[in-house]
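All chains are identified by letter, namely A, B, C, D and E, in their written order; residue positions are counted from 1 within each chain.
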Amino acid sequence: MTPAGAGTARENGAGKPAPATDGPILRIEDLVVELPGPHGTRTRVVDGVSFDVPRAATVGLIGESGSGKTMTAQAVLGLPPEGATLTGRLLWHGEDLLAATPARRRAVRGREIAMIFQDPLAALNPTQRIGRQIGEVPRRDRLPRAEVNRRVVELLDRVGVPEPARRMRAYPHELSGGLRQRAVIAMALAGNPALLLADEPTTALDVTVQSRILRLLADIRAADGLAMLLVSHDLRVVSHVGERVVVMYAGRICERGPARDVLRRPAHPYTAALVRSVPAVRTRTAPADPLPGAPATPANRPVGCAFHPRCPLARARCRAEPPKVREVAPDRWSACHFAEEVPGS
Amino acid sequence: MIRMIVHRLLIGVFVMWGAASLIFLIVRAAPGDPATVLLGPDATRSQIDQLHASLGLDRPLAVQYLDYLGDVCRLDFGQSHWLGRPAMGAVLDRLPATVDLTATATAIAVTVGLALGMLAGARPGGPLDRVVSACTIALQSFPTFWIGIMLVLVFALSLRVLPSSGVGTPQHLVLPAVTLSFPFVAIIARLTRTSLAETMRESYIQTARAKGLTERQVLFGHALRNSLIPVVTVVGVQVGALVGGAVIVENVFAWPGLGSLVVEAVANRDYTVVQGATLLIAGIVVVLNLTADLLIAQLDPRIRTGAV
Amino acid sequence: MSTGERDLLDVRELYVTYGGRGGGRRGGHAAVAGVSLSVAPEETLGLVGESGSGKTTVARCVAGLLRPRAGTVTFEGRPLGRAGHRPPELQRAVQMVFQDPRSSLNPRMTVASVIAEVWRTHPVTAPEGDRTEALHRLLAAMGLDPDVASRRAGDLSGGQCQRVSIARALAVRPRLLVCDEAVSALDVSVQAQILRLLAELRGRHRLAMLFISHDLGVVHQIADRVAVMRRGVIVEEGRTVEVLTAPRHPYTRALLDAALDLDDPVPGDGTADGGAAG
Amino acid sequence: TTAGDDGGGAASGDVTVAGTYPIESLDPHGAQGASTGTQLAAQEIFSRLVRPEADGTLEGDLATSWKANKDVTAWTFTLRSGVTFSDGSALDADDVVASFQRMTGLGGPNAGNFPGDTLTKVSATEVVLRSPAPDASVPGKLGTFYVLPSGVGKDDTAFFNHPVGSGPFTVDAFTPSESLVLVPNKRYRGTRPRLRKVTVRNIPELAARMTALRTGEVDVVWGIPDDQLAALKGRQDLTVRTVPSSAEFTMWFNSSIPALKDAKVRRAIWQAVDFGTIIGKLYPETGRAADAPVTGVVLGHVAQPAVAYDPTAAKAALTAAGFDFSTKLRLQFANDEFRPFVQAVVSDLQKVGVRVDPLEKEQAVFTEDLLALKWDINFQQLATPSYDAASNLGRLYTCAARRMGYCDKKLDALLAAAGATADRQQRTDLYGRAERIIWQDAVGMYPMSVSIAYAWNSDLKGFVPDASGLPDFATVRTGGS
Amino acid sequence: MAGLTVAVQGPRTAPRRVRRPLLSLVPALVVGCYLLVAAVGPVLIHYDPVHTSLEDRLLAPGSRVSGGGTAWLGTDGLGRDLLAQIVYGARTAVLIGVSTVALSCLVGVLLGAVAGYFRGVADAVLARIFDVLLAFPAILLAIVIAGAFRRSVLLVVVALAATGWITFARVTRGIALSLRERPWVDAARVLGVPGRTVLARHVLPFTAGPVVALATLEFALVVLAEAGLSFLGIGLPASTVSWGQTIANGKEYLETQWWISTLPGIALSLLIVNVGILGDQLTARYGRGRSDRTG
């Protein structure tokens, strides 16, 4: 993306508040997402999540299946599943998106906050050429067709699609998985967003392709000063890309802080167990002592600390009192009553 | 694409053969004798035998069958002894009326059905969806003949705004076509609704929303075309069904279509006309299905390029 | 390649093509093009490779779910036919664990009836005495509570389902267990549990394993030897430690380069992406 | 008049007629030649040697006179002179002969009336029809023989799309089984029709015909069931008439089966049905108790004593005759129109313990089974279109015909004698004696003679309801013209 | 509208009973009533379709009949009680509907399951049979068959089932086709469970839900089609009471004796509407509206 190109779309974006010079680009405060459950009940699939996405930073959001990562990302974009209720505050440059008008939220989508979905094939409309899909956001700005096409080619080139002018006329099924994911990234970049929400962008891909995509994302971020919220269940991915990580368990935050610190010296027994469970590729390791039991889900979250049934440190207090996220060390936040006792921390 | 067309055409040829054979078997297995129908109750045995011979009905079934297939291949559909004219001529005479009726009913059904289906499917579970569901169930639940009679009572007999039966002017077409379209509207509406609702759950719809498109743009730009794909198949099949299946409507409105021709011909044991008419209908169905397939290929690039 | 001992499983020059479906574009496409491999008794062979390289296809041939176009699959020198057409003891000898834990179990059947079906199919493996007790013993050996017996797949967690699948496979006392991505769909914490269980059972039941995974880390933990597949052929094979620490084939090297470890720096970009999809 | 979208313009000289049966073909010699639709069209387009009037009496059409030889094997017809076809060419004896040959050659149902007969030209104005056996009914049967120009081929599609005839009308447009539009034949020898256009529309469904009449889309409808007549009669703009026809409800017994062999049994069954009430309720307008096996309009009709309803006597007679009440008699009929009547009969028979199974059959199966005697009681509405008992009694009741398993040599002799004389009085006497035998032996039950109900737009003047259901529009005018 | 599907893990288990509003039970209740009437109605109301009482012709609803009773819903052109005809017509409709659906279902499910599970020749043959049969509009084929042979209830059932089974076969085939790829089926095969047992235990049970939903919708279509045949005067013998016949009998009397056609019409439509809703409910629970796709 040339700086000129970057300018065009940005300046056309109407009503965008002047970026605050300091402070996080996105601040999530006490976000609660409730979904309708069976028998008219409501399930809190995201329960009081708060964290910041600093300007031009990459935040990794990790957690096992069903821990509420996707819900959090979708809430930021304002596109939760039907019947969901969102509470809390989503401060985008200080402006609360949850309180904004639908039109304003729509204006933010795609141009200020863009999203990359997990399955690149499913995320692309099978009956439209990818060029058309990528050009959709620029077209919203009523650019002439030639200009839109130029921009599409430029975007495809940028994400490393060879022969972009030819490939923009391809249908999604005519591309390999890696190219599709690149097209999806180009689509997200088309509106020159300031924040990229990437929901498991590499899970469906092979390792070799995954490493290239991760690298591409890193390059783009570096070039554009883009902030990124990277959702993944793969600690290895997050540890490579994320500057900061947020660890979720059963809809709640366990721990957050700088990526390296968190993964090297976890301040929560769950993080510690996760780190231990990841098998190493280059060295032979014996299978680790696994955590007992299955991950809790928001629908049947244990009282007290959600993790306590599996926790080696659990005591009576854990069963009764849900821990608050607290700063256990400078810039290290943990939701464990006994964070200081976590082995390896 | 070419391969697909060739493949479909080959299947079409097979289907025509199968249809011809099936109908041949059914009419021959049926009790009743064309000769007695033709000659009436006053016929003598020798007259009947003579007619059998001249109709070729005295030969072994296998010979008749092979002859029949041979003739069909030469596009010779035989002489209707009941009508005293070439069978295919009698059949083709009925074609325009059938085409008028079917085409109009299809046009109504597609327009109304798509509109209803879109209204309902854009917000599944919403109030509009419920209303449309109720309407479509009702449309499908009343027997066509009943609806037809009621429409005649209201529009022809009470209001005197439309003719009650027959062919001729466009006004004559209104009541039968509307009657015929009723269940078809329901089918299209329901299918469109289901298909659209399913499409709206697709991930690329979420992607489109994430681009900041309005719901309208999402619906018309992304959802509609994709949700039409199953609809097109069904429209193809259903139009085929209307071509010969409009018998009841034809009966209520004295509409001289192919369906009623088949019914008369079956009653009169007019073998050649039954065979000719069903073959023509089968041919139309085959062509319609092929058209639908081509249309789908047009709508869905995955099929066009043979990836699915 | 052979370990010298008499091989348990021997696959020779396996060719599999998927027929001309999909508009003929895949017509004659060889998913597996001449694969040979062998597994010695009590040995675990890891099979790695990228998506579409033919790993599952090999596994399904071994399990008898797929008929190869050419090549032989023998077990202790006896040819393995299609599943259902094998002599009972060969049928029992090779069992398989699948990737998706939940759909590996018939959602309408309770765990007890799943195991009962196994015993009905192979009466020789059925326990002598009290079947309920035998069932509980079997479940306990998999780390499952007895009350799981009366539940169905939908009421079990992913890890529990995978344990039941393993129990079902082991109930016939197989000699070779084929695990096709058996842990890939699980969360890391559960994945570790299942890996642990497999490692333990392998020792206890003197099992050989054909262990398929795209995760080099997992293979490194469990496999004695590893074979690397690419586009239907095996490009490299050898002892796990050697292959994964000192790869010889450039493709293996590329795989290893791309694989991440915690704390690794972002790996360098390899070759460009492929063009059109398959 | 009522304003329909088309058709109902009686005032303007256009008349629309609801045809009960489809006109599939205009070829009166071919396969469709005997069908009502084709007959209706043919009588307007072509001429015949003779034609039956609305009351059944014969009139000369092309023939001015006709007479038989002594032994009634040859009939000589003297032709009218100066007749031309609608294309201007003259109609002569050659055309008549060619037409007869064409008809017999095509082997259609009408040809069956003239087995072995030949028609030859005697002079330019005389033709003679010779039969192998004496046949007094020839003139009556010729009511279905139409004269076409010579040279019309076997399947002359082009000709029959725009046929050339000598009848009062010519064809303006014809769509088989849909509609026929007739306009006056400018060269017609008689009074030119006063109508501008006659459209015969095929409306097979009764309900649709009635609706079209009510909305004024059609001007003439006939064959109206009784239940509809009451409502139509109340309307000022419609004229409603019924006219006795040659059709009669005829319910043959299969005398060849053990249960019905005995004439006493057959009579008892006849007695057991309250036909009077059934007719009174179901056919108050169009039904009258029949008094002979043929109706009053048919030559040879002689009234017979009524068969009184007497279920007790019937039951007694059946028991006396040793009737096996456990047998179930198969009553076959073909048209759902008659279902109510048949069911009412069955219902009455049930009351005396005779079990009857009403079998509604497809026409094709009905005819086949009829000829094969696969029935015990058969119901037909049997018409005598030639208005001559010869073509009904003379053909159907002989031992040779084997139509109802009944055989009586005396009856055969009477019928043969009646067919062999041309003297009307003598024939009527002979047929009367034959009818007595049939009636007394209860070869069948003859419950009802049928009238045809017509309803037409009162603006039509000069419309004469026809006994055969083949009304002629040549003499019709409209109020406005 | 943002209808992201719930991330239900794996295939659904046997559908759980969810408490549903009372209103949604109405269709099942109404259909149940019809079944009850069809079963026991004829025991309570005596009616002989052949018996005619000519004094009582065309009586309005509520009139007294000559025999002393009351014709609650009036009488028809032969003086036959309309209520009784509706009750007996319900029996015919249910009998024909159930038999046709049962026959179609049996043939369709068996063929479809075999073709879908075993593939190969069976599947190819079935596909060609589909092609040929679908070249005829269903109602036309039914009319040709019903019009050509001797009238009977069985004939009508056969004529309607001649094309009715296709839908079942298609749905079942589709399900079997997708189920045969499921790991639990593979697992059974690897164990050496014989093909027939796999089909019976691991495939067929899963067709039950969609097939029941389909059967319901198909039942409605069959009842409508039967009424259509009767309306055309094809198929059923005169001695069988059917709604279609009664409606057809009354169509000439619509302006004067409206009840003859209208009341059985209402009885018919009420049943079909409720069966339709029931079918939709079942479809929503068990599977997509596949019948829509096959027309």
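Please note the rule applied: a contact is a pair of C-beta atoms (placed from the backbone, for glycine too) under 8 Å apart; a residue touches a chain by one contact, two chains touch by 3 or more.
These figures come from a predicted structure and were not determined experimentally.
Under the contact definition, chain B and chain C share the contacting chains A, E.
Steps from chain A to chain D, taking the shortest chain of touch contacts, total 2. Set against the C-alpha centre of chain A, every other chain centre is closer than that of D.
Chain C and chain D have centres, each the mean of its CA atoms, that are 86 Å apart. Per-chain CA centroids place chain B at a distance of 21 Å from chain E.
The centroid of the Cα atoms in chain B and the matching centroid in chain D are 39 Å apart. Centre-to-centre, using mean CA coordinates, chain A is 33 Å away from chain C.
For chain E, the set of residues touching two or more other chains reads 1-4, 147-148, 150, 251, 254-255.
Chain B has residues 31-32, 149, 157, 206, 209, 251, 267, 307-308 in contact with two or more other chains. The residues of chain D that reach two or more other chains are 207, 362, 365, listed in rising order. Across the interface of their complex, chain D is touched by residues 49-55, 57-58, 77-78, 147-148, 150-151, 233, 237-239, 251-256 of chain E.
Looking at the complex, you find that chain C touches chain A at residues 50-51, 157-160, 187-193, 195-196, 199, 214-218, 220-222, 240-241, 244-245, 254-270, 272-278. Across the complex, chain B meets chain E through its residues 11, 14-16, 18-19, 22-23, 26-27, 29-32, 122-124, 133, 137-138, 140-146, 149, 153, 157, 187, 190-191, 194, 197-198, 200-201, 206, 209, 215, 230, 233-234, 237-238, 240-245, 247-248, 251, 259, 262-263, 266-267, 274, 278, 281-282, 285-286, 289. Interface of chain D with chain E (complex): residues 206-207, 210, 225, 227-228, 231, 277-278, 281-282, 336, 339-340, 342-344, 346-347, 350, 357-362, 365.
On chain B, the positions that touch chain A within their shared complex are 202-204, 206-214, 221-222, 225-226, 299-302, 305, 307-308.
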